[in-house]
Amino acid sequence: MKTVLEMKQVSKKFPGTYAVKTIDFDVFAGEVHALLGENGAGKSTLMKVIAGYFNDYTGEILVNGKTVQLHSPAMAKANGIQMIYQELSLAKPISIAENLLAGRLPTKGTWLLDRKTLIHESKKLLGRVGLGHIDPLVAVEEISQSEAELVEIAKALGNNPSILVMDEPTSALSKEEVDRLFGIINVLKKQGIGIVYISHHLPEISKIADRVTVMRDGEKVATKDITDVTTEALVEMMIGRAAGEMYRKRSSSIKEDVKLEVKKLSRRGFFHNIDFHVRRGEILGICGLSGAGRSELARSLVGIDPIDGGEIHLDGTEIQFRSMNRALAYGLAYLSESRKEQGLALRLSVGENILSASISRYSPKDGKEIVKKLIKDLQVNPAEDHRMIATLSGGNQQKVLLAKWMATEPKVLILDEPTRGVDIGSKMVIHQAVMEMANRGYSVILITSDLPELAGLSDRVIIMRNGHFIGEIDRVDCTEEELLLAANGKGEYVNAIRESR
Amino acid sequence: MQSANLDELKKDSRSLELNTLSLWISKLGIFIVVGIFLIVGPLVSAKFYTLANLTTILQTVAILGIVAVGVAFVTYSGHYADLSVPSVMAFAGIITVATLHYGIAISLLLGILAGLSIGIINGFVVGVYKANPIIWTLAVEYVLNGLMRWIWGANQIYPDLHGNNGRAASSFVNLARQYVGPIPLVFILLFCAVIIGQLILSKTRFGRRLKVVGSSAEVAKFSGINVPLTIGIAFLISAFAASIGGIFLTSLVKLGVYSNGTGYDFNAVTAVVVGGVSLAGGRGNIVGVLGGTLLLGILVNVLNLIGVSQLYQTIVEGVIFIIVVGVNQKSLRKLGRDDA
Amino acid sequence: MKESVGVHILLKKAAGILTAMVLVASLVAGCGNQPNASQAGTSKSTAEKVDVSSLKSSDNQPLIQPGADIKPPQRPADPSQLPKTDIGHWYDMEWAGWNVNKVNIPKSPANGAKGKTIILIEPGEHPYFTAYTNGAQKVAIAYGMNLKVMTGDWSVAQQTQQVKEAITQRPDMIIIPPVAGDVAESLFKQINQAGIPFIASNLLPNNAAMKYALEWTGPDDWGQMKLLADKFAELMHNTGDYAIVRHMPGASPYYSRTWGVEDELLKVAPNMKVLDAQTGKLDATVVQQLVSGWLTKYGTKLKGLVLDGDSAEVIGAQQALKNANRSDVVIVAAGNSKVGMDAIKSGFLAAETYQTAEGDGALPVYEAAQWFEGKTIPPVRYLPQKIITKDNVNQFLPAQW
Amino acid sequence: MLKTGRNGKISSMVNRYRIVWLCIITFLVMSIFAPHFFNLYNFTTILETMCLNAVVAIGFTIVIIMGKLDLSIGSNLTLGAMFVIGFEPHFGWTISLLIAVISGGIVGLVNGLLVAKAKIDSFIVTLGTMTIVQGIVYLYANGGALYTKDTGLGGWLQQSFIPLFPPIVLISVIIILVFEGILTFTRYGRGFYILGGNKETAWLAGLKTDQYLIQGFTISGMTAALAGALFAITLNSALPDLGVSSTMQVIAATIIGGASMAGGEGSVVKSMVAVLTLVILYNGLTLLGAGNSIQILFSGLILAVVVLQESFSLYQRNKLRGQRVELLKEFSLKR
């Protein structure tokens, strides 16, 4: 196997500490090399070094055996290295074609734009990711989120890279779309491209990766072939101590009385006739593919979006609200999907963020206390409330976000992708806190595409597909396979009659 | 998994140590620069610290200060600036003068209400429909300016001192010249505006909501904050302050005309930004705006005393404006508080 | 509330209709509000002589007054060589239009003024020009002439466009108070080449521009400032230093209302020295900062103040002097607005020049009427010059603007 | 324009070329109602009047496409005018024109450096340089106006050899078309759009974002100075407050023309058509006898309507974002 990329003793220093220390890392042609590690383990920094983000790294990097300097994205690209980012890097008001071939638009003569080739080439690229039907001159702002993800991948392929670095490419994709992506990855492997694959989905990695490297606290723990390592061993290497059973079933303390009941809830074009109920102290999971309308349902449940019909009953009495702060007053809270845009205001401190949803609830003095308590409970690290949120790691930011919604003392807390892109350690703390809340009588609605988490935490799961409620799994110990089948509209829990109505 | 052994998770490796200089700059901010000029002042002219000179400095920027406090709320809410301020000032002044025959109290009220109506429109369009604040308030400035010139033409509306309601007119005219003890009324108004503004911003719930909206409107929306209402109130405050400033300016120049507020839009933004309120929103305070306003007044005074010609002064003002803003922005970034 | 998907298209139609409606509304509004509606002349037959001497301006001064017949002195050999402090240096600026040979001047139709259309291109909207237009309108009605008024926005770009638009309408006569004296030449040339007779007014253009105009009428800024300087010297008993608040840079009063005073004082009261001369930008706050700076800097050495205008400048100066509680400063100003007249009555202002805005507007229309009737009109005609002080202020009340 | 609406519906066609419809409507209304409007001389006047703001709008549109703002265009315009007239007696027209344009470029360069390198908000930087350059301009002729003896070039510029298109109009239109060509059909030009659309994308695509910012502002400074210089030459003179009213008019025209403040959208030709529309409106209203106040009122109303229409339709689109079409059919079925 030819080594496409080799890094010898590479380190990168941030003010005061080493983000990445003396790393040896190599990628063979035609191989998927997974890179695992908690947030803050230096994984994303190493990836950025490869992508040419920094010009002050030390150590040696060889591409196809030749030493190279990767001091800017242009240099990395010149050496055949391509990045696919978690947060989309497409320019929305610009046409897809120009996004795909950004930086290397085809020209007739020295600088005149060659429109024909531009359209032809971008159509070809779109074909490789199954989007052949879209007109390449359409603006990116007019296509859907998942289509944009695939355009992002097509863009990387456009530079026919020899090394492809993928950072959490499947986090926003549905199961079907993930399978299509893995198909594309296998085709690339056959073409001899070396792929560095970063993800938190351990089952995913065992499916696609050939080798895996685990990093912890800026250092490399080990590089192993995927065949001779188990998921538990990987987790142990990542957090450096016995993983134990990831999800310990909690003794269910579900009370009988129904906390929240929803009848025939619908919003034109998003979800129709949704009926379900949540009991006090129960964690209700909502399973479904992305685009099934789960987040839209959650937004309507807390008044961010209007509803066109149906009733919402809390503790038995119907409630009406037209705005989110009315819903919050009733005790309905929603931890939103995207931490960066909707969750936390980057220019506020940790304390200000925690109180940002309950401004009218606490006096300044009580506010300080509740912040201190929540920072301790959720082990936010570093535990200083005046610190800028932007300087915290992804996992700690997510803890602060959860603290923000716990501060509103909700009767029903809706969680939307609570642990996406979060390291294992923080994920544990968050799960711990959610389970404790349920034990204390809160009701929790959990929306997540992380199937182990959904299966592990939920007491009961309802299944949504294309905006309809198509079934329910009323067993605490349901497995990921059952959930996966149900989400795709199959399996015995799905009663076909409902969907066809 | 016992939660216990999670505690030894190593301290977050990316802690930034705060360097003290930029901490001080962001704390004191503009008052350092004001201090420098207060030292330079007497060197330039022995009589810098006479009562007359200081009163003039404060008097010439008092009205600008009041208006700047209002505009600061719009900038703090992350919406750049309110370019309709000049017309709102003139409009409030004209309405007050035109309705003097109802008596001073009612005419003042009508003047302020006239200004507030513009604030409501701005607040609604920018708050609910998310129109670009610069372009929308520019359009409102054009429309209002055109309307005033069409209805009242260019003829100045005089407070009719000798007419039957002479008393209301004369009390209006010396509104800007009124003294409460040794202190001119307009100073008191400025300091009240600053104090009330600072209290609103830091102590009230609205102030805290405005800080979240200023940092990120999307996060505020998803935190249950009524974002359009909060932005609407910010524009209302701006229009309210502009109306009061406009009425006092009209009283000072003793006549209502459409061109009364010219130049106040950019001067107010200068005072606000130099005072440390960042255009990105969610940062700065009203006391800083007072500092920015004072700096503008002292700067002109010192330049006059040195004998710098008016033509040079605009250059010096522009250069100092960019330097102060640049330093302000750099210190914020060093503190890691700004993702600019 | 039910939102049909169609609202998006509905809104687009609404925007289209709204814009169209707005444009049509302009037609109605356009004709209505300008006081240019040419009432059918109620005047008598063309032959009969029209008596305008009975017309009064709103401060009950005679509207058309015989201007002082001032003749320009001999032109010095090369004015630019003379120092600025010698009035001769400004000869071409002060006596613009007198000795210049006219070019391509159209012949007068000599068939009377009745029914003629005149277009007045106002430089911009200002209370002075509202009174100016009233004066012009009074004389136009008296002669049964149709006066159309265009108002600019004080910018050269706008006036350039309006001159062309005026030429398009082929009026019988154009009256144009230029936005800026130095820039007027190319505008006057265009009107002249279009063969339309025009009279320049109010602001002295440069000498070269005058060869295109039939005539120039307006205040003799230099002359009245000299008169004011003489009064100022008298009030200051020919001693003590003074400062000058100058007009906006770029406009011709920037020169006349500074050097007109300074050079005259050097002649009349040599030991009165000018401490400083700065522009107040016609803004009360700037004037207050300026004067207060002078008071602080020069203290009691500053005995007198000359202001380039009497509204914003007077208010700024009053504020500054009140703060420094100085009431010993002798203050004079140019031009007579209501604020200035009140200041004269209250004694704050010692003297100011009388410049009749309505007269300024009436004079060119009157001269146009004479020209239409075939009479010859002088190249330059000045408004009367008077100095207003506390004792004669009541004659000039109520102020025109 | 290198962009088509996804659904290709008429509504996005209308929206994209909104300014052309607006221009035609205004022209028709004025030709019918305004007296003396419909003649060759008046049309030439309209085109000549358009040139000043249209050439300034070239650079300003580029800055808007980059998602930034340039308030110093008014002062740069005056700078160009004063320098071209001021240096003409010493160096003749060509060199003085060069000096004027280069000095405008230098101001633009300073703007670009402060925005790109010092990372200060462009609203603030250009507000500062506006005041500074205005001061310099007053200082240059210590407050006075400037005028030139050699009126030959000025005359030639306005000579209509070809009916309707005197040289000044031809030069302006050609420069505008050249820039439109660069922006739409060259790789370099498309860089401005990507930079305005998403700064990270541009950086990751290897574009030198700082260079683009600096060049964008420099072009804005140069075109403003060029516009001022050409205008001053036709006037054979220049005044320190020549460009004061142009700043706001150009901003209004560029937005009415379809550029968006968020960046990534705008075209130099559409800005020119917008300036033309406003000039036709002003011209028509003047011939109808309407005062300057009504003209300001109307340009404000049109700007307000455009802003309202754009933000309202965006507000509606966001409300319906993510709506699934097949569900809509089903929903209406039930009712």
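Each chain carries a letter (A, B, C and D) given by its place in the written order, and its residues are counted from 1.
In the analysis below, a contact is a pair of C-beta atoms (placed from the backbone, for glycine too) under 8 Å apart; a residue touches a chain by one contact, two chains touch by 3 or more.
What you see is a predicted model, and the numbers here were worked out from it, not measured in a lab.
> Using the stated contact rule, I'd like to know whether C-D or A-B comes out ahead in C-beta pair count.
Answer to which pair has more contacts is C-D.
> If you average the CA atoms of chain C and of chain D, how many Å lie between those two points?
Chain centres of chain C and chain D, defined by C-alpha means, are spaced 34 Å apart.
> Which whole number of Å gives the spacing of the CA centres of chain A and chain B?
Centre-to-centre distance between chain A and chain B: 43 Å.
> Roughly how far is chain B from chain C, going centre to centre by Cα mean, in whole Å?
36
> How big is the gap, in whole Å, between where the Cα atoms of chain B centre and where those of chain D centre?
30
> Would you please write down the residue numbers of chain B that are in contact with two or more other chains?
In chain B, the residues touching two or more other chains are 149-150, 153, 280, 311.
> For chain D, write out the residues touching at least two other chains, lowest number first.
Residue numbers touching two or more other chains: 138, 142-143, 291-294, 296, 298, 301, 308, 312, 320.
> Give me the residues of chain A that touch two or more other chains.
Chain A, residues with two or more chain partners: not present.
> On the basis of the stated criterion, which chains touch which? Give every pair.
A-B, A-D, B-C, B-D, C-D
> Quick one: in the complex, what on chain B touches chain D?
For chain B paired with chain D, touching residues are 80-81, 125, 128-132, 134-136, 138-150, 153, 266, 269-270, 273, 279-280, 311-319, 321-322, 325-326, 329-330, 333, 340.
> For the complex, which residues does chain D have touching chain A?
2-6, 184-188, 190, 193-194, 196-198, 200-207, 260, 262-265, 320, 322-328, 330-331
> Could you pull out which chain D residues touch chain B in their complex?
Residues of chain D touching chain B: 69, 114, 118-121, 123-125, 127-132, 134-136, 138-139, 142-143, 248, 251-252, 255, 261, 291-301, 303-304, 307-308, 310-312, 314-315.
> Okay, in this complex, where on chain A does chain B touch?
14-19, 40, 217-218, 241, 244, 248, 302, 304, 323-325, 327-328, 334, 336, 341-348, 352, 355-357, 359-360, 379, 381-382, 388, 390-393, 396, 404, 408, 425, 428-429, 432
> Spell out the residues on chain B that touch chain C in their complex, using ranges where they run on.
Checking each residue of chain B against chain C gives 45, 47-48, 50-53, 55-56, 59-60, 149-150, 153-156, 158, 161, 177, 252-255, 257-258, 263, 300-301, 304-305, 307, 309-311.
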